[in-house]
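In the two complexes below, subunit A is the common chain; its partner is subunit B in one and subunit C in the other.
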Partner chain A sequence: MNSVLPKQHVLFVQNSIQSVFAKTVSPAVIIPCRKRVYYGSGKHKGGMIGRYGRRKYPPNWRVVNFNPAQIPKAWKPLDWDEKNRIDYEYESKLAQYIPGYKPKVAPHMREDHHDEPMHAIDNDTCSSYGFPQALALTKSVVVEGGLPAKLQELQKSLPNPEDKVIKIMQNALLFDVDSWMVDTKNAVKRYKFDNFRHPTPERYCPRILKEFVRLCDAHICRVSDKYHDRFNMHNLPCKTWFQRAEKTSENVDILDVLYDWKVSINVKPFMQLLSKNPLSLFATPDEVEETKNRELVSIYPKLLIHGIKPTHNYTPEHTTGFLETWHKPHLHTVVLNTAGDHSSKKTMGRMLFHLFCALHSRAVQQYGETPQVLAKPLAAQAIASDGRQFYAMTFQLNTTDLKDDTGVKNMVWTSAPLTDNLQIEDQYAPTLLFDECSPLLSYYPDYYHGYSPDAFATFQALWLNDVL
Partner chain B sequence: MSVKRASLDFTKRWVFASPNSSEIVSRQISTGGYLHEKKKAYFDKRWMRQAGKPLPWKLYKEPILASNRRKTWEYPVSDTDKASWKHSRWFDQYSQRWIPFHPRAQGFDINYKRKREALFDAENLQQLFPLLLDNHNYKKYIIRPFNHQFSTTNMSYFYQHLTHTKYVHGLPYQVENATVSKEEIDNLERVVQDSLLYTSMHSDENDSLKKHEQKKQILTRIFQYLVSSQISENEFLENSIVDYDANNSMFWFRGRGFLKWTKSDDLPVAYQSHDSPLLQIRSDKQLSNFSNTAGNFSMSGEIPTFYTTPHVLGVPRDQYRNSISAGYRMFVGNQYVNYQTALNDERLGDLVPPIRTDQPYGHTQLHLLPHDYSRDWYEDGMEHGDITNEIEEHLKANGIMSGWVWNAAQAHFDMHWMDNDIAQPYCSQTIVTDGQWLSFFCYQLNTIAIDPDNIESNSMRNLCYGKTSVKLYEISPDGAIEVNQEALELLMKFISTGAARHRHLADDSEATEAHDLTLPVQEPDPENPALECQKPLHKVELEKELARQKEEESNSAKQLAESAQPEEEVTMPKRLLRILGSKR
Partner chain C sequence: MAGGITSRWLRQFVQSSLRPNQLCALSVTFRAQTVETQSLCTSCNKHGRFGHRLVKLWEQPEYTTKPLPVYRTGGRLPTKVQHSNEIVPGRVWTKKLGGGDSREWHWVDRSRLTAEEVNAKSYYQEKVIKVQHDDSRSGMIALVAGPKKERWILATETMEAGTIITNSAKMIPDAEFVDGDAYPVGMIPSGTRICSLEFVPGKGAQIARSAGNYGTILRKEGVRVIIKMPSGREINVDEKCVAVIGKVAAGSHSTKWGSPAQKRAHGIRPGSGRKKMGDDRSTKKLTPVAPMVVIGDKKVLQRSDALEE
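The block that comes next holds the complex of A and B.
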């Protein structure tokens, strides 16, 4: 509509001098001021707008310019640092005289302070490094040819109840009412209630995943009695750390740059399927031996720990999230809710970090902290989804010796096809459950299109692996 | 002499969108329905002022008939709907807003039966709900299904009155006599044991929110197992859907009372309730009746009535949007926006009708009580005296209200309202729990015509069967977990309701009737109708128990007195007796 606005004579405050020279002025520059959106400035202005007549506050806070003076974001008062400086000596004095006072301690004086820094990968940050860096950091190589042959067979052989999957999809995306949007406390505006809001991935993704799990479990209950050998857990924390060194010819000796780091991973997967028996391995010992000949992915000129922040305050520990007396300790499948990830590269990196963390902590519990090639490798699977895109990955931990780039390497299989060029963004093609599913699709009779049965087939194959 | 005449351009009346209208509409959608940004409409031309008037039939007969012709995109959503006869709304170019074609609500008043007859003209839910809900913009009472701050005793009686429900102690015939195999129970016990073992390892007694999250996990896991294990047995679960964090709402009228100073003081009183179950299972088939509707049981029995305003019971009153919802959208397909996009694309012929959900009927819902609920809170303390008697009352009230909200909302989704009562009862089951104690309820909705205009000629009562406070497990100080077999059995029976192996139980009407007559019914005391004077079953039983104990004590004391030798009477002076008398 702005393009259609009529030409105006005297409109501006700041540009009034310029308007003398320019005969016709078009409103190209819009002066930021509150009045553009603030209708109810005078007592009688604004008329009957909304339910309560004249509007006291601007209706749309997104449009309001709260910073008309363009003050930069990093600005702070001159005395800010001075006022917020913590006097640690005074704190210790306070603790001496006030019983029960918890003094603020300087980071280098805390109990968990170490001289050697640890590069910490967090649950929130583990998706920000990307798949190639995750491969290089965990000393893993990708096995070409998609998922292991056993899983590919399962994908084809298992029955796929398509109509039930479509019902689940429709119920999550079309018929679901987000309880957050329902007005129960006189808080939601009328227009919000009336207009259709598309459900968010945070709402529909866990719902679809839970329903898929239910479908698969129903299949297990129908076919065998192995349901009780497995246990599904939500949000179970998992922690590990390891030492990684990079010794390649590309390294240049620069002052103060080390090529030997401590790295810690601390994750909390959305769902973890634990089982009584370990998952059968995906690679034979010969194939494991062959990985000696393969080279790791190079992310040159980046360092391996590029972007991972070092900390001096940490407690090195390996935890699987439960006690050793727990009778179903082996990891079967990790299911991740990746509604926040924006690229496939990041999602794959997140999956690899989760798998590595869970398996590495178990390997350390079994074989001790000394880095070694494992006598019996460990295997696990991962599924990541944002409700629409589905990724599958399997991982085999062959070695915990990450101090050297040569030797036996860990192995990764993915459902997404790979190419040699790892620098391209979004080259991993996920399996889409649907292309679009919305009540605003006017021409599709069931309000979705582009449904593919492969997404559930992959999910089912991974979930039912080693059960039937 | 030429006569100057205003050019009457009536063609504009029939143009729905100009070439640049797509821009306008898209802007409307993106601003989320702000209409006040529009330019003010100035009707400075005569033809503009006359644009809203009905057209003369003689001149415009053909276009009017053309507009009345039914379009291909207008289909009925369900069997109960009639086909819509014309566009639901159209875009006015001059005032730049949508003008709806809902059935005319001339003289419509939701408060009087004769003035709300326009509800019968509604063709689908999109027309019914605006008429039913948006015409009551006054204060209403907000009823919480679980309310442990209820100010007086006997809350379940009050909720019985609000929902016109007959409360029955015990479970219906088809649930009570359902058979459960030993193997199923053992398998369920293993699942419960496993999940409890895990949480006992990771428990923090001080963090109630963390404990609440763990309870959620345990219960969802148990229910997921129940559903997935019974799918092959029970055809009701075959195509079922589980809703997590749904929100059920119900809006209804009950009793008469004061509404506003400017209105008459005997208008129906409005109530609104919002209910949020942890999860609910809904199915494509309707559960068969728990009791016979034709029999005497659904039509007899006294429902408590209270003529006081709920104000005095501390029920809050608020004015906001009225809503009815069973936790899901009944049908999908945004008619207005889709119609506009199809109009812009010139593909009106390809426009598809809305679709309806396949799982509209409830099977079972599970309620987790709030994180600050504890049975210990009811004991004697600084805040209040001993009110442990009220635990049962609060649970019963929760079962009644949750059942009413869910079932009545389903009935409204099927195009029923107070004047258009249901023909077939709606049945569903409710489980209320705090993680350890389970309460089981079966609700049968026989009528929704309980507003003051219809209640006098209505002989039907809603039914709520209930069994409260069954312990699921007990953890001994050593850490050993004992799971209660009765609770497991009840859980299994509830989830297998409707299974083919129990069909004969549901069909056996004589046995059902006989079973119902054996169950105790909660009825008000006719002599003392006040809420505080009622005596629910558990209080009567407790009093009997106390009386029995007292009798035993007195009997034993008598026996002791008889067996003991009589004491010698001590003679004392009168003055001494007066001093010691109070102590003796």
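The block that comes next holds the complex of A and C.
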């Protein structure tokens, strides 16, 4: 064989013989013959010259994975079921012989299995339900007039260092490492006409938020001594669960639906500001009593648990992320990184779930698990941004009794001017820090335009509330 | 082998040429379609049309409203690679297929009301979020939010974003049979136009699903209902089969191809042109309308008792 063929084909012959008898198939296998070109270049691309004519596919096509059209494998592999099947008996036997092995157990045999399902909201899914559904679930009502009057006064009275805020913006967006040096997944294309953002909001958003916090804390140190009464925590988990009921409407008869559900919320906010003293309330007791006459938002024909997946494996618990002996237990503000969220209606829902989870877990620790109207309500604030769009919200928890739609309700204030019809998306307008800021804007003097000082003013007002 | 293949000997030939393990995508078309396998059936794997586009439904553990990518087979059947468990396109099965724009496949729910809901006489309403065209069918589809989840359904002509549609198997006084509502066929008054009709209760819609098509309810005979299909043929079905009132929305769909470029963008390659030469070999036969089809649990066999008598 080797004497007949020229030397350049010898290596390919050996590789082909090995691949035929081996179970692993190599991607490129060339058959020994005279001048056969499968992956050719130039004149003979795709074709062949010589003995076998213009055959475009190899004769051993059952062995070779020859796919010049790059048709992906759409059919199910034969071993797909076996690979994804879990043999629970085999796993239990492995646990007997392998020390420290944690076997996979069937869901109905686990220790945390319950007959009654729990509808779970996680950090990833809390931004997929929307603001109206969050209001209905948490039995809360939107107060008209924007943010509370106290915060609106702080927005105007506090100093606004525009020069420093613009420098922060430029540092985060213009003077950053090239995106393709950080890109490990090859998601950035290096062509002129490709619309890429340099850098991405996942990179500049946390930087802008941390610099804003640093600016606000510097102002506190200049003016007062209350800097050490507060503590900023990152990625602190928070869990709670509650029972929520709904009345059936006329004639509606859905199969396998119980109008009394268990709902759990499990979130991990980007930043949490904790303080020694609780935040002052935003509503008077008279305003809290007036909420009895107001009606909740109706999301008919959706149910309150629309889109929330039920699970039978759960551990019901209430946690704030730290122990009861922590000396700064009261929540002041929650800061969220919403880079990647495109819908403003859903970011508002996400903020509400974070606030409700944090305050409900604290209320249960203080007053117990029995649902009741709180003698001393709890209040907190939330800021969400993706570096460019800023949302602000304040929440006051008045009740933990969520079995009825009647009675005292919780209250929400938002920076966006909302009307009675909450289904309209155009009214959820965020405050923009800038319209555009990138090194491609060479025709603007400082490579940005559309800067507005309102974004930092709201951030500062919420961060310095009850401090000055 | 262009077009539909319904002959029995061809099915047996294909079945015998492939091993049972290889009938991963085709086995669904041979077996009787139950409610469990209904979710694995797509319009791409229709009965008899082999070698068309595929969707990786076996990777999806449950229903999703996300659009899924569509993979091409080039009109080729699946074949097993030697010494591995992979399946790749092999020999040609259908010609005139290839190329075309890339498509996205939306998982359209064929059954507006399941058999359990019909037996339990359930009633619920849904809100339409949006109506749009679909790459894999001629009719339009609508994203609809129900009490528990969102889903895609076939849209009727009058559907718009914000409308509320009803799905009920319960007789309600003063019920209005409006376009877009789904009821069992026994409840709908005779003379109404319907679409996406089931043949067997609980199986899913099978007839009148393409753009602009509709059927009409002619009369009722006890537990059975007689319906006229879009082809003009009559059919006798159980009263528990669910149908939707109205015509399927067409949008900008037209029965004629504007140009050969549109055909190539759809994925149809040129043919031989033999059928359009004007000979007597290929002509359309005018046949009378076939008699009514009765669909029930048991097959109707022709017996020779009448001749003996």
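By definition in this document, the second predicted complex is superposed on the first by the 343 of 468 C-alpha atoms of A that agree within 3 Å, B and C clash if a C-alpha of one lies under 4 Å from a C-alpha of the other, contacts with A are read in each partner's own complex, and residues count from 1 in each chain.
Following the convention adopted for this analysis, a contact is a pair of C-beta atoms (placed from the backbone, for glycine too) under 8 Å apart; a residue touches a chain by one contact, two chains touch by 3 or more.
Quick caveat, the model's predicted, so the values are computed rather than measured.
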Open item on the list: Quick check on the superposed pair: does A:K167 touch subunit B, subunit C, both, or neither? Answer first, second, both or neither.
Closed with: first
Open item on the list: Taking the superposition on A as described, I'd like to know which of subunit B and subunit C A:M233 touches: first, second, both or neither.
Closed with: first
TODO: Report for A:D446: first if it touches subunit B alone, second if subunit C alone, otherwise both or neither.
DONE: first
Open item on the list: Per the contact definition in the header, classify A:K302: touching subunit B only (first), subunit C only (second), both, or neither.
Closed with: second
Open item on the list: A:Y97 in the overlay: touching subunit B, subunit C, both, or neither? Say first, second, both or neither.
Closed with: neither
- [ ] Report for A:L78: first if it touches subunit B alone, second if subunit C alone, otherwise both or neither.
- [x] second
- [ ] State whether subunit B or subunit C is in contact with more residues of subunit A in the superposed arrangement.
- [x] B
TODO: Name the residues of subunit A shared by its contacts with subunit B and its contacts with subunit C.
DONE: none
Open item on the list: For the complex, give me every residue of subunit B touching subunit A.
Closed with: 23, 27, 29, 31-34, 36, 187, 190-191, 194, 197-198, 201-202, 217, 220-221, 224-225, 227-229, 231-232, 239, 241-247, 249, 274, 276, 318-321, 323, 325, 327-329, 332-334, 337-338, 341-342, 347, 350-352, 355, 357-359
Open item on the list: Under the definition above, what is the set of subunit A residues touching subunit C in their complex?
Closed with: 22-23, 25, 61-63, 65, 67, 69, 71-80, 251-255, 257, 300-303, 305-307
TODO: Show which residues of subunit A lie in contact with subunit B when the two form their complex.
DONE: 1, 39, 49-50, 59-60, 164, 167-168, 170-171, 174-177, 179, 182-186, 188, 190-196, 206-207, 210-211, 213-215, 217-218, 220-222, 225, 227-228, 231-234, 322-323, 326, 328, 439-440, 442-447
Task: Contact set on subunit C toward subunit A in their complex - done: 21-22, 24-25, 54-56, 58, 71-74, 78-90, 116-117, 120-127, 145-150, 164, 170, 172
